Every structure is written in C-alpha cells, then in structure tokens.
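Below you'll find a set of structures to go through.
Below, subunit A partners subunit B and then partners subunit C, in two separate complexes.
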Partner chain A sequence: MSTEPEKLLVVEDLTTTFATPGGPLPAVGGISFNINKNETLGIVGESGSGKTVLSRTIMGLQPRTNVTVTGSVLLNGHQIVGASENEKRKYWGIDVAMVFQDPMTSLNPVMRIGKQIDESLRVRLGMSREAAKARAIELLELVGIPSPERRYSAYPGQLSGGMRQRVVIAIALACSPKLLMADEPTTGLDVTIQAQILNLIDELKERLHMSVILVTHDLGVVATRTSRIIVMYAGRIVEIGDTREVFTNHRMPYTRALLESSPKVTNPSHTRLIAIPGRPPNLMKLSAGCSFAPRCAYATERCHQERPELQSSGAPGHFFACWNPLPASQGAPTS
Partner chain B sequence: MTDTQQPLLRVRDLVVNFGKGRHTVSAVAGVTFDIFEGETLGLVGESGCGKSTTGKALMRIIEPTSGTVELDNVDITALKKRTLRGARTRMQMIFQDPISSLNPRRRVKDIVAEPLDCWFRHADNRDAVVSDLLNKVGIDPSVYGNRYPRQFSGGQCQRISIARSLAMRPKMLICDEMVSALDVSVQAQILNLLEDLKAQYGLTLLFIAHDLAVVKNVSDRVAVMYLGKICELGPSDVLYDSPAHPYTKFLLGAALEADPDSPIHGDVLQGEPPSPMNPPSGCRFRTRCPNATEKCAAEEPLAREIAPGHQVSCHYPLAITRK
Partner chain C sequence: MLKYVTRRLLMLIGIVFVISIGSFYLIHLLPGNPATVIAGVGATPEYTAKLYKLLGLNRPIYEQYFIWMGNVLHGNLGTSFISQTSVTSVIGAALPIDVEIIVLSQIIAFATAIPMAMRSSRRPDGPLDRVLGASSFTLLSIPPFVVIVMLVLLISIKLGVPHTGPSSYVSLGTDWVANLESLALPAFTLAIGSFVVYYRVLRSDLIATLQEEFITLARSKGISQRRIMWRHAFRPSSVALLGTAGVNIGGLLASGFIVQYLLAIPGLGYTLITAIFNSDYLLVQGIVFVVSVGVVLINFTFDFIINIVDPRISRE
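Showing the complex of A and B:
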C-alpha cells in the first residue's frame, strides 16, 4: 500500500462553454483538482462564479445542446466527459449522487416520497418492491425523519423545507454513492435547520465512508465542515488549499476581500465593512488578464494583460493565482 | 429635553391574523416595541416567525387585526385612507427582491421621481432632486438615468430602490430583507451605503433580516421573534454576548462563522417551529426548549426587563454573564 491517499475524483483542465446568442460564455474556464476518498471539499464563490456549472459538469448533467465540455473528469476510474447518457446512468446514484439547492422543486410534488426513494433502488439495484420499501424506510430513518413508516406515503407538500431536504438526501444516499455532491444544500433554510442538515451530512459521510463536495456561497458553511476548499472567481480557481490554510494564510486578494466583506457575529455593531468595489465581471467579456484585476486594490499593469496561473504558496497543496499575492504572514484577516 | 427618550415609532400589541375561524393563522400575535429617533432596530427570526408581516403591518400594506402603531404620536392604524397616504410619505419601505420591486417598464429617473410627482413636490426642480438622489446612492444619473431596471444588477437595483424611498425625505425606513438576495461583496457595499445615508438624512431604521451577522452589523438594538412574538429585545452587543432567552442562544449557536477554529455546536436546536395555526399553550418556544417546565405550558411568559433596556419573555431566563 502506498501512503498516497486514493483519488476518487480527478478533474483535469475542465471547461464548460455555453453557446449564447451573444457569443460563447465560458462558465467554467479550465479547472483541475482532485478529491481523496472520505474527504470533504468545499467550493466557494459568489453567484456567477461557475460553481454550480462545475458541479453539474462533474455529474455530467449539462444540457445536451449549446454546450461544449472539454477536459477530463475521472470518477472512480470512469470518464464522465463525453460519456453517453446510458453510460452516465450507470454511475449516477452508485458512484456519484447530488443534493440540489432547492428542496421545494427537486422533488416530484405529485409522487409520494417513498416512491421517489424506491425508484432508484428498484431501477438501479433491481430490488423487489418489498425490499425497496424496507430499505426506503431505513433511509428515512437514517436521515432523521420521525415516524418513517408514516412519512413513506406522504407527499412532499406535507413536509417542511428541512424535512424535504432530508428526503432529497435520502434519495441521494439510496445506492450508497462514493461521492455526494451537495450544491447549496442549506441555502433557503433557516439557520437552526441549516445546522441540523450540515451535521447530518457530516455524520453520514463518516458512517458511509463517502467523499463530499459542498458547493456554497457561504464561507461560514465551509469553514468548519471541510478539509480543503476551492475559491472560484469568474469560472476559474483562484485559490485552493487546506481549509485552515486558506482561511488564515490566504494569498489571493479576492479571498481576503470575500472574508472581510462578510459581517461577523463577533464584531461589535456598526463595524464598517470592507466592501469590494464594482461587481463580478461579465463572463462573455473577460479580459486577457486576471478577472479580478478591475476590482483588486493590488492590481498592476501586468494583472490586466496576463492571466496568472495557479502557483504553489509553499504550504503543501496550497495554490493561488495572483501576480501580486498578499505576503504569507499578513494573510490573516485583519478583523 | 428628553427628546431622545421620545420614541418615533411606538408599536403596541400589534396582532395580524390571516383567515377566519378554525383556520386562523396568527402571524403576529401581540408585538410591542418602540423605535427611538435616529436608532436602528433589528428584527431577526426564522422564516414564518412574522417579521415581514410585522414590517408590512406597520405600513398597513397588510391591515393589522388589532393593536396600535404610532408614528410621531399619530396613530397610523386609526387613519382614513386619504390621511394614511400622507402619513406613509414619512415612513418608507425597501423590499427584499430589488428587481421585482421596480417597475420594469419605467426609466430609472422616472422611478425615483414617481413619489415626487404623486405629491407635486419639487415640480420646478424635479430633475435636479432626482439627480441628487441618484448621485447619493452611487448611480450616475447622466449615464444611467434613462435606462430600465433590467439593465442593472441586483445591487444597483437595490440602490435605485433606496433612492426612491428617500425621495419623500422620510423619517423612517423599513428595510425588509433588503440585502438577502445579494452576494456578500455587494451586500457589504449596500450596508455601508445604508449607514452613510442614515447619518446624512437622519433616518430611523427598522431592519428586518434573518441573517444574524448582518442584523448585528447595522443595529443598535435587536428584537428576536419566534412564532409571532418577540421573545427577547435588547442592545445588540449585550444580546449577542449574553442572550437571556434560550431561543436566542440556540439561534446564535447555529450561526456559522467564517472561521475554521469556531466550534461546531453539538447542541443544535431540534425539531422545527410549530404551526402558527395551532401554537402551543403558554410559552410558544416550550415545545423545543430544553428548560421547559409545566409552568411554561400553563402560563405565558410576559416581557420583563432583566437589565436596563434588555427585556425577555421567559420564565427561566439564562444567567446573564457579562464579559
């Protein structure tokens, strides 16, 4: 046995480009990373940074037309990019499963929740009706739904948002996937329910030996729940590293700006926020240089001309894309 | 003079019921608070706790079932339609969704000018007033004045909403989840802008939001709502440092800090809020409260002051630990 951890997912130079009437829109522009077994990786970014498109591309869920995907996604040894629908169907549920953002719309409103869990058990695992029902009830219990036998025949409309998200997780877990992709799993839920759902995902990850990708815009969600994080901006990775390293020793000015602009419960009231001027760029009109340069306080001529590639910070596994990085010692947030 | 002690807005036993008879939902079940001139009161709570309904009932966008709302000693709830319109110019509201709260078929400068036109104010120098308002919120009127809302991002639309709400020079602004649809980087811009304008125009704010960190950032005092009632109200720094109501403590414990060293709270609040159609007897939080006793079921806890300006509705408030 080698000491190198086993890679469950290897993404290499992945791009996703949508054809729009206004020209090509590079939503994901050349991304490489990997995930080890039993690891939680966070992907953070603002809206439009490409995090959702990235996670859908990894799943192979992009639309059939008007989209070009290049690069490679190796999931548990299977190539997802370019795979046919039939091939992908073999991996979905078993190798990778997804929890979508909106628990209100990701369930079929006119189908009992038990049937929605049964579906993948019967189709994918070929279980009998009775066995599937027994397993579905087990899954409902696993995700912490009280009186699962009764809930088995409930409709989604009879459940609250938090309960519905638990059902969505139960569906995702039905075939014991090796990788669970959670795209904003708690956005739209209340804070107390959010804490319940995040604890549940954590607990299930340990129990079922899964890897988890947690996609979110909320730095608070990834801070304590992930071992590594990726910070995305305008379709690219701008910083990647161990969570603690990225939070305390970030080198990319965008990461710092993102941390400083979010209000903190621990700060006294009326603390002046350090806002990032401007707004995220139009992906159809990206400059040749760094996408963050127009909003960056440290930008120089070179930043506008030439795109920085990811470079190592010295710490293992910590990379950032910046020509004028923050000094290593001053990376910690000032507040 | 004690004019700083005179509340600008005085809300007493505000009740809003939806529906009739057996199907009555009591969204706001008797809310009492004051807002003093020049201060910001934050109103936090989870979805369905009645915080937005409270905000709308103050403006009578939703008619309150009972209770009084006094703005500058004028009882809004007793006004006839015509005088209510006049009173509303002094209290304006900013809504959650910046894009849908602007008329998509009107130009930005006309949107901001509409309140002025309705009230025949500044008829002679309307354009100058509108330009000044747009400049104040950071939108260049000569470049963007003739554009339509769809040509702007969410953050810019929220700036336009703010300009419109200031056109009547209101004394009071009600901000209902005004930054929750925005990204953090834009959210910080809008929150800073709001603080600047508050100082410049001498505004008094009711800031309604679910995000605890955002509310603390802008508020002088914070009220926490649960299932239609205020369970705790106090100066924001005190309330966040030493919450006295068990619900406030759980709510703060569930808030996630962007800090890898912050502890993960094991004691997460279990269950979900009960239905407001059939609220629990006594204390509304008792079904989820670890400290609940029979007294909590039998007797509703009334708001009582445990420290100057810090009131809590709980039979067994948590020990105050001053830092």
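Showing the complex of A and C:
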C-alpha cells in the first residue's frame, strides 16, 4: 500500500470527565487514534476500562449533563467535540451509527420494529411511507431476518435476543452510515448467536463499504475480524497496533495478561486460565504512575511514580505504554 | 389479547355481581326493617305489617335478591316511596351532569399535565421542574371544597361572571354556553386535583424512561428531541398515568358530590345527599349501585386502553 489511505475518523487527545458527587471521574483520558475508510478497528479492555464511554464520546452521544469532553474528534471532516445537539443530529445515522450492547433494552418495547426502522428512513432520508416500508423490509432481509414482511409489524418482545440485535443492526444501517460503532454487540447474546452476529457485521461492512469500530472485552472476537487493535486500560490506550502484531508481539504486560486470561481452542482441555490479579483501579483515585502497576508482575518503583507515554515498538503503527516492556517477539502466538 | 379481554370481562361480571349484593343488602342494614323505615315515624303497627308483606319482605332474602336483580336487569331500580317517581328516571336525569363535569375536568387536567410533564422531565431539577413541583404540591394540599368556595367568591361574586354561582345550573339542552359556564367552576375544581396527580406520575415515569437505552438509540438516529419525547418516551411512560386516571376518576365522583352540593347542581351527588336527608333509601340504593358499577366500568376501560398502549402487559 503506497498511497495513504483516507482517514474517516481522527481522534486527538480525547478526554471524557464525568462530574460526580465524589469529584471528577476521568473515564477517558487523552486518547488519540484514527480509522481509515473500510477498516475494522478493535477496542479491547476489561469492564470499566472506558470502552463504552469512548465509543459514545466519539459519536458525541454522551449524556448531556455533568460531562466534560475535551480534545478533537473529526468524523468525516466534522468536528464532534463541542458540536451542538442539533449539529450532531445531522451526522448521527448518516456519518456514524451505533449497534448497542444489549438488544433487550435498546429497542423501544412498545413500538413495532418496522416503525423503528422506518423512522430513520422517513425522518432522515425523507422517504414516503410506502418507500420506507419497502426499504425497511429490505433491511430486515439484509440482516437475515426470516419472513421480514411478517416481522415488520412485530413488537421487540416477540423476537429472540439474536433477532433483536439484527433489528438493532438494521436500524443502524438504515441511512447507510460511513462508520458503524459496535459496542459489545454480542455480549448480551447466546454463544451460538454471537458468531452469527459478528459474521453479519463483517459481511455488511464489505458489502456497504463501511468502517467498523468493534468494542469488546473478548480478544477472540477481534482476532480474526479486525485489522488493528487498541488495548485500553483505565481509560487510556496502553497498546495499539496491527492485530497480528499485537497478538504475536505485544510489549505491554497488560495485553499479555488479557491474552492469557481468555480461553483458546488450541489449549488442551482443563488448562487453567490465568486470571489477572486484583481489580481495575478506581478511576477517581488514579496514581501519578502507570494505572496497571498495582496489578503488574513487572512493576518497578518508576511505574508507580511516572506514567509511561506511548512509544513505538519499531514495527509500523505499533505503540505501547510501558516502562518495562516484554522483550520483542516474546508474546505467545495465538489462534 | 382476545383471551385477556374475555378473562377481564368475566371478572367484571363477577365484580358487578358482588356490588349488586352489596347494594341490595344496604337497605337491610337499616335499623329495624325497611318497612318501618318506609312507613315512617308514627305509623300504626298494622300498616307496617301490611307494608312488610306488600314489599315481599316475608320471603327468603335470596328470593328478594333475585326479584330485585331481575328488575335491575330490566332497568328498573324501583319507585321511590318518598317522591313516587322511578329511581331509574331520577338517576337518568342526574347522571349526565356528573359525566359532563368529569369529562370537562379530565380534558383540562390532561391538556395541562401532559405538556408540562413533557417539558419538565427533560431537565429534572431544572428551574421549570422545581417551580412546577412546588406549585403542584401546594395545589394538592388545598381540598376541593375550599377551592370551589374561593373560586365562587372570586369569579361569581367579585367578577360577576353569569351562571357560575350557586343554584345557577343551566341544562345542556337549554343553552350550551350557559351550561358550560355553570359547570366551569366544578370542572376546574376537580381538574386541579387530577392535574397534580397526572403531572407527578407522568413526570417521574418520563424521567425514568428517558434513562433507557432505547432513548439513547433513538437519539443516535438523529431525530429531533420533540420526536424522541412524543414518539419514543411518551407511550412507554403513560401506563401508570392511565392506571392512576382510572382510579382517580372513581374518586372524582366523590369530590364531585361535595362540589355539586355546594353549588346546588342537580347531579348524582346532589341527588344522593338530598336523598339521604329525605330518607329516600331506594334512591340511595340505586345511586350507590349505579356509581359502583360506573367506577368498575371506568377502571375496566382504562385497563383495556393500557393494554393497547403497552402490548407487553397482555402478553404471557
């Protein structure tokens, strides 16, 4: 690839701070990255690492009160940070759309699913009632819902979790967004349905030429479906790089710990998973040093005193934030 | 849905049956027996005994009930011993006034409570929410019989608006403008209590609904705030509102009675209170029966509306 790919999303020094009764809570701290057109980027991290807040902040979908966002998010040339709700409304659905985590709560329970898909088409694209209905049925078919004409008038409560998530995807796709944010799209689903939904997102990405941000706590999910990965810890990026590079040549001990704690098909049965000791830090009481230091086997005095900045590993696009990185090419190759 | 409605209808019949037994038995709860009451003070024992037989009170009580129930099913609630008029026709003349007052009051209450709740729930604890919260609480603590007296003092006596004072009821058939004027104060008085309840119930449900993930999803579609409020938040938030309205309207009949009596509006309430003073027990019995059935029917109707609004409820 000699030509520079076009950047769809450029995030620079993004921070999200919630005002809480106990003081400011920095949920996302100083994050920078970008996404090319037609690329899938994975964001991984434990619960509470700031993945969901990050994805909502990128969309500008954070709550309207008690939140401070600084930095810059350029989405398809539009600045999201500081934009008014009215401005962001123009980009939502068309430039960026989101697939929510839990399809049990993200659909309006008292509105027929067809109407929920129609709405974007009629309000945002100005389609007539008939055209919108026809398109909504097409979308239901596209996301693999059997007998879409009949399902069009079903209420969410009449569909299974997997079917509901397909409907959520259909809603997100209604206005052909350029960027699809999938925030743990399979966490609320049965294991057997998870792969189906992920494959569907993959397939739709190719067909509709979208970029995708896949947010997950499951490394297995991002391994084969993303071109690059961001590993987050305590609201910051601790490692970023090409998926292969991060899996085989990670330098940050947290990334290794995360890999070791997820089951692999290639492991012999009854292999013990290595849990990460301790718990994610309280974001309101972050130390001046590396947030992972209290749980890290390699931590030194410096780790507790001084926060490491992202540094290049030498491989193009691969950065990590660690004072005592693992030696290069030491990471266990994975599936 | 059909199964649900059938089941509710069967329940309704059961409830009406229980109410009918209650209202029938009411007359037997009187001291002595109905014959002594009807014959009045100073009647000869012979006359009372004759009346006792004439009224069929010597028959077993269940037989008396079935005869009474048979008549009720034919629309005959008996003939008042005091006024010698049919109870059904007296109720028939008075009931529409109650219905009109309640309908007017509910129109006022919903038309004010819904838009205000929709506005204030967008900014909980914002200035509008605080003002409405405090003032609605103040309104709630003023009883209707105080409100109506203050309104009469201000509007009928100070401002001299016609047809609004006591004993100035004009029937709908005579002059509808004057009729509206004569019912405006009672309707408004009853609306205050309903407004406060509806506003508070809807506001808190809306605040809860607006936290829901599906509201964030609706927001992420890029649709207007107005549309999110009316198309996405209102319907799932209105279940408790409708349930409360059903119960509240039953209660309004009672507050309506006091207001009617104070303004001498010849509705059911006024008729009932007059009937009690006149010891017109058959009329009391008829009104109690009709009002109880009415309350049950109103609640049934609201339950039905709730089912249409929220399809999750009737689904097993």
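Everything that follows uses one rule, which is that the second predicted complex is superposed on the first by the 326 of 335 C-alpha atoms of A that agree within 3 Å, B and C clash if a C-alpha of one lies under 4 Å from a C-alpha of the other, contacts with A are read in each partner's own complex, and residues count from 1 in each chain.
To be clear about the criterion, a residue touches a chain if its C-beta (ideal position, glycine included) is under 8 Å from a C-beta of that chain, and two chains touch if they have at least 3 such contacts.
Predicted model only: the values in this text are computed from it and were never measured.
Annotation: superposed three-chain arrangement on subunit A; subunit B versus subunit C shows no clash, the two fitting side by side. Contact with subunit B, but none with subunit C, is seen for A:191 once the two complexes are overlaid on the shared chain. Once the two complexes are overlaid on the shared chain, A:90 sits against subunit C while remaining clear of subunit B. Of the two partner chains placed around the shared chain by superposition, neither subunit B nor subunit C is touched by A:7. In the superposed model, A:119 makes contact with subunit C only, not with subunit B.
Contact with subunit C, but none with subunit B, is seen for A:105 once the two complexes are overlaid on the shared chain. By the touch criterion defined above, A:248 lies against subunit B but remains apart from subunit C after alignment on the C-alpha atoms of chain A.
If you count the residues of subunit A touched by subunit B and by subunit C, you find the higher number for B. Of the two partner chains placed by superposition, A:135 touches none, neither subunit B nor subunit C. Residue contacts after overlaying the shared chain place A:264 against subunit B, while subunit C stays out of touching range.
Least inter-chain distance for subunit B and subunit C in the combined superposition, rounded to the nearest angstrom, is 10, based on C-alpha atoms. Residue ranges of subunit A in contact with subunit B, taken from their complex: 46-47, 160, 162-163, 190-196, 199, 217-221, 223-225, 243-244, 247-248, 257-259, 261-277, 279-280. Contact residues on subunit B toward subunit A in their complex (touch as defined above): 46-47, 153, 155, 183-189, 191-192, 195, 210-214, 216-220, 236-237, 240, 250-265, 268-270, 272. Subunit A makes touch with subunit C in their complex at residues 59, 61, 85, 88-94, 97-98, 100-102, 105-111, 119-120, 123-124, 155, 157-158, 168, 171, 174-175.
Against subunit A, the residues of subunit C that register as touching in their complex are 212-214, 216-225, 227, 231-232, 235-236, 309-312, 315.
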